[in-house]
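A, B, C and D are the chain letters, set down in written order, and residue numbers restart from 1 in every chain.
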Amino acid sequence: MSNQIGKAFVVTSFGESHGKLIGAIVDGCPAGMSLSSEDIQMDLDRRRAEGDLSTPRHEEDKAEILSGVFNGHTTGAPICMVIWNRDTDSTEYERLHHLPRPGRADYTAYVKYGGFSDYRGGGEFSGRITASFVMAGAVARKVIALSGIEVLAHTVEIGGIPARKVSYQEIKERVAKSEVGCADPEASELMAGAIRKARDEGDSLGGVVEVVALNVPPGVGEPIFDTLEGELSKAFFAIPAVKGVEFGAGFAAAKMKGSENNDPFSVEGGKITSPTNNSGGILGGISSGRPIIARLAFKPTPSIRKPQKTVNLKKMSEEEIVIGGRHDPCFVPRVVVSVEAMMCIVLADLGLRGGQIPRVNR
Amino acid sequence: MSNQIGKAFVVTSFGESHGKLIGAIVDGCPAGMSLSSEDIQMDLDRRRAEGDLSTPRHEEDKAEILSGVFNGHTTGAPICMVIWNRDTDSTEYERLHHLPRPGRADYTAYVKYGGFSDYRGGGEFSGRITASFVMAGAVARKVIALSGIEVLAHTVEIGGIPARKVSYQEIKERVAKSEVGCADPEASELMAGAIRKARDEGDSLGGVVEVVALNVPPGVGEPIFDTLEGELSKAFFAIPAVKGVEFGAGFAAAKMKGSENNDPFSVEGGKITSPTNNSGGILGGISSGRPIIARLAFKPTPSIRKPQKTVNLKKMSEEEIVIGGRHDPCFVPRVVVSVEAMMCIVLADLGLRGGQIPRVNR
Amino acid sequence: MSNQIGKAFVVTSFGESHGKLIGAIVDGCPAGMSLSSEDIQMDLDRRRAEGDLSTPRHEEDKAEILSGVFNGHTTGAPICMVIWNRDTDSTEYERLHHLPRPGRADYTAYVKYGGFSDYRGGGEFSGRITASFVMAGAVARKVIALSGIEVLAHTVEIGGIPARKVSYQEIKERVAKSEVGCADPEASELMAGAIRKARDEGDSLGGVVEVVALNVPPGVGEPIFDTLEGELSKAFFAIPAVKGVEFGAGFAAAKMKGSENNDPFSVEGGKITSPTNNSGGILGGISSGRPIIARLAFKPTPSIRKPQKTVNLKKMSEEEIVIGGRHDPCFVPRVVVSVEAMMCIVLADLGLRGGQIPRVNR
Amino acid sequence: MSNQIGKAFVVTSFGESHGKLIGAIVDGCPAGMSLSSEDIQMDLDRRRAEGDLSTPRHEEDKAEILSGVFNGHTTGAPICMVIWNRDTDSTEYERLHHLPRPGRADYTAYVKYGGFSDYRGGGEFSGRITASFVMAGAVARKVIALSGIEVLAHTVEIGGIPARKVSYQEIKERVAKSEVGCADPEASELMAGAIRKARDEGDSLGGVVEVVALNVPPGVGEPIFDTLEGELSKAFFAIPAVKGVEFGAGFAAAKMKGSENNDPFSVEGGKITSPTNNSGGILGGISSGRPIIARLAFKPTPSIRKPQKTVNLKKMSEEEIVIGGRHDPCFVPRVVVSVEAMMCIVLADLGLRGGQIPRVNR
């Protein structure tokens, strides 16, 4: 049950990094929605490793829909989507079986599953699982689009280099053109440079991704526990390496006064809105009608080429480990689409639960 | 279902700020654990408004156990706990019915529930609901203590004033003595002064609370979605006014290099550990055996005495609102125990799910 | 979590037979529905022990609503309802603590909860828990009435005496007038006589209850597992003493040929219907628009005055037990309203999930 | 979420009769259990259509494990299993698209999913979905075997012809040898004859299957709603065509007196047991240590060759339908293994939840 999220739009993920495949099942998708593997491929391609900034593991990552779609439309039955793994090379991992890599789930998975977990490439703990999220997110993106909702994410910090504040329009236009998924061209270049430097040093970088949902109607989100922040943060933390999540002003709000942080209400074109959005579009866990805004902190890629200290689990002795394998020196650029996916999935789920999204697209 | 959290240790909250009561039901508590209302009262008393730093609403908040306990022990049946509301004064709220207070759930609840939500004191969206969390948390605290786990929270920032780094021992000894729940006496005094100043200006302050779980065995937490970070953050965001959550190094990790952020493994006394704990005791969503560490950002109390702009929902006209009622100028000091409660609840749930905590305390 | 049923209309039950109270929480009830304790009392009164056919334990059973209702309407917040126990006499049970009564949960609860379960009157396993179901069912009855759905149950067999087939109109008119909840006056009298005879012999009788839901629109029920039959049967088996559940032709269908059992489709007044209803209004787990029909087999009351063989759990020796206490010689008449409650609860849940019932009653 | 059952051992089914595949995902299977596709194939082969008593659609039905197993053992990650459909012939169904077959889900699925459901062979409502149940059940069978539990099912009635009472030993030895899954050789022959006769008349037969679980320890099952009867019946009703479920004496108990139906407790070899088992091994929803016994009533196959009345959904006119396609004249023989699968799945789930089955097989 832990490999599953959602109550009305339910996503189950499965598969391993070096196993036969990676997959996702979406249950609860409205019937009658047009859906093809191309819809999914579009998002998946944005996740692909490309250029010299990312891992040399170049998976084609072709999405295949195995069920739930008939005559080009969703049927209401579970949608199973898979990607067959092709470019797997597990030789490295045999050597590392009893040497848990620092910063990875190797050690905790070993303990939890009594040594039986698939240790090749992190098994189900690999960042590769985000390909499942992206597939499910692509379906969710179409679901929320039925209600006019749009989701955008972009890199706002890498290696401590911040991007300047940008407009939603800039995000739409520039993220795809940036090597690092950043809508600020100057920062983008600096970030790319920092990643190359880290890579050449056998090291890695982290960063921050911001995600925005536009046109979410007021009333989405369920009190007390299944709030927008609660459900979104739970989904975000499923992305490996996320160590912090904030909404609206976030941690900065802790330093403000009430009179500064409160968003006053106003009327614009007969609709209630707010000139500011420190709340990130969420009040009491429910959408206010303003854009929903979240930021996610990603730690640097734990798999680095520099030697590190670890423990041999068999001998219980300290050893030095040098990790080979193929890893992104900074996965922030590739993870932008995964962050969007999670926002789409949660909005589809809460929208269906709240009745803002219909169960059949007539 | 949205008023509920957990899968094995399940907490359901109910009640309203100005209704008859506030309550919680715990389902799944191990049978055979000694439990009395005193156990719950102890935590509840820590949440009580006291002194001149908090709301003049002084509820006695006496916990009453209504089911699930027999002969001083839990029976395995649901434990229902309530607090009867006494000191309610709803006159203020009739006036505010169509004037949503900025920063509160008034507007979003109005939209979501078609104007039928209980608007007195925020109804179920009131911070008073945290009394339910504290009651359930007190039960959970005893459950995890069966496995030796201990949870401590403390204020680390108020109004931008940071506390210095403290030891776990200092937290245990000093938090109870501080007016603001802070283990650094100097910072504590500065924070209290800042709150008084904000109060006198009719304004409010926010802050940051850190929570630590000690002695959590490795292996607690469920991949991929029901991770420690995912479940904890979802629980934390149920506390009104939380706008950010981070684990271990958190947002700071985004600025580190992999070689700095990774916690190397070492052996100490025949056990695997790490000299650093940037991961906050969590790898791949599963506990590593090191202390679990989280920080929560709280926005300033939205209910302030300063005039604010809002909209009359009936007339759809902009109006100025001045909020009376009784509110904390900074609820961070009182919320420390609620943060502990959430950590206890999630650890009890994941511990029972993972089998680290037994279902019957024989 | 096991004390809970439903995904959109979620009922949590709590309390014990000889504890302070019996209660239920309904989460997910549409906001804006008128609701008062009288609505609940009406159903509760039908469950009350009265006359000489039932237990001498005469509880007043006054329903009290503690949350979720404001200004006479549901708010969308959890509705907590309780009945305070008054007429409890636990002396009998101290004697029986280590002597499990045959046919009751005494032994299995003892094993499951390590001897810590509340053994007085069966604790949470008492038939008294059905008072919780009836309260939640009364709320659900109002919810499904928003869509015109009506639920009727009646006794169709007691002690092997069958009632003749009756019309829905007869059920509506006669059940309330019958001592045994039976719409066939002749059978009703025979059944009452049989119960009196069994009572006088220190013995007990079982029976069969039929329940019908009228005006359920087609399309209610979720494949593959959350089908109407699946969800209904799970709810029905929560009523103590149910040992069998069948829908439509039920076990009789197993003896028919396909050509006999299939309900042909026809058109009546522009609507699709069927002249027969062997399917009990359910095809593929989904409502067809025809009345939904189920029958539940109840075993005889296990607590009888005749001496029985049991085992002393402390001494592990065989003993004879004579049960005092106060018990119905046949609880079928009193359970009719509980069966209706379960049907109402499941239809409210599936109707809300499927979108046939709105989340806000505007 | 409706395509899923279980809370600790969670089964998700997907796929369609005439789509690419049929599949199941098992989440929560203990790590460290040996598992191969042969384990699954064994059960699947028992479900295969063979001989002249069943459908001429002869699928090879080869199980393939796609994830969750590594080095011959389960890893703790989700186990995805699929069967690729090969022998599909959908021509028949184009003709029937707007002519719902009596007794099938065609009409209700059409309404529920706005005409978008996959109508070929019943889509996800096809009896073929039970192949998913059998695969998941085969995994569950190995899980419960870790605790010594064994599950046996057998045909006890077809076309009104009853089998005589048989011993568990007879079930084990004879079911596999019977054409109709019946442990009584004489009845077996009569049943086979009745099926052939019905088939030759273009008609079909139903029947009753009994299932028994041996060696279930006392204490399995969760009150109040997630009882053994509740969870089992919900699972059983997911098998298409089940119209009734009873436990122990079942509907016959309704005709007994308390003194007849109650199972007295006794001591045998230092263990508590009962000489009779009218309760079907379940008291208060919890296992008593005696064999768990259930019986399921199956309606006759709805797809028959005889002409039937239906309605053209496009023209809303009454029409006669003659169904071609390939169907079992009685699917009871083939469904025996599906019934076992459901029992295994529910026992694995409740055993893991109750802690009777360990999460890691060390």
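As a working rule, a residue touches a chain if its C-beta (ideal position, glycine included) is under 8 Å from a C-beta of that chain, and two chains touch if they have at least 3 such contacts.
Model, not experiment: these values are computed from the prediction.
Q: More C-beta pairs touching across which pair, A-B or A-C?
A: Of A-B and A-C, more C-beta pairs in contact link A-B.
Q: Superimpose the Cα atoms of chain B on the matching ones in chain C and note the rotation angle, 0 to 180, in steps of 5 degrees.
A: About 180 degrees, rounded to the nearest 5.
Q: When the centre of a chain is set as the mean of its C-alpha atoms, what distance in Å lies between chain B and chain C?
A: Computed value for the inter-centroid distance: 38 Å.
Q: Between chain A and chain C, what's the gap in Å when you average each chain's C-alpha atoms?
A: 46
Q: Find the geometric centre of each of chain A and chain B from their Cα atoms only, then give the gap between the two centres in Å, rounded to an integer.
A: 26
Q: Multi-chain contacts only, two chains or more: what residues does chain D have there?
A: Residues 1-4, 7-8, 13, 77, 109, 112, 124, 223, 354.
Q: Show me the residue ranges of chain D that touch chain A in the complex, using the header's touch definition.
A: 1-4, 6-8, 10, 12-16, 19-21, 23, 25, 27-28, 31-32, 66-68, 70, 73-80, 82, 109, 112-118, 120, 123-124, 360-362
Q: Which residues of chain B touch chain A in their complex?
A: Touch residues, chain B against chain A: 1-5, 7, 13, 100, 102-105, 107-109, 111-112, 122, 124-125, 129, 157, 159-160, 198, 203-208, 218-219, 221-227, 229-231, 233-238, 240, 242-251, 253-267, 270, 272, 274, 278-280, 283-288, 297-304, 306, 308-311, 313, 316-318, 354.
Q: Give the list of chain A residues in touch with chain C in this complex.
A: Touch list, chain A to chain C: 7-8, 77, 223, 353-355, 358-359.
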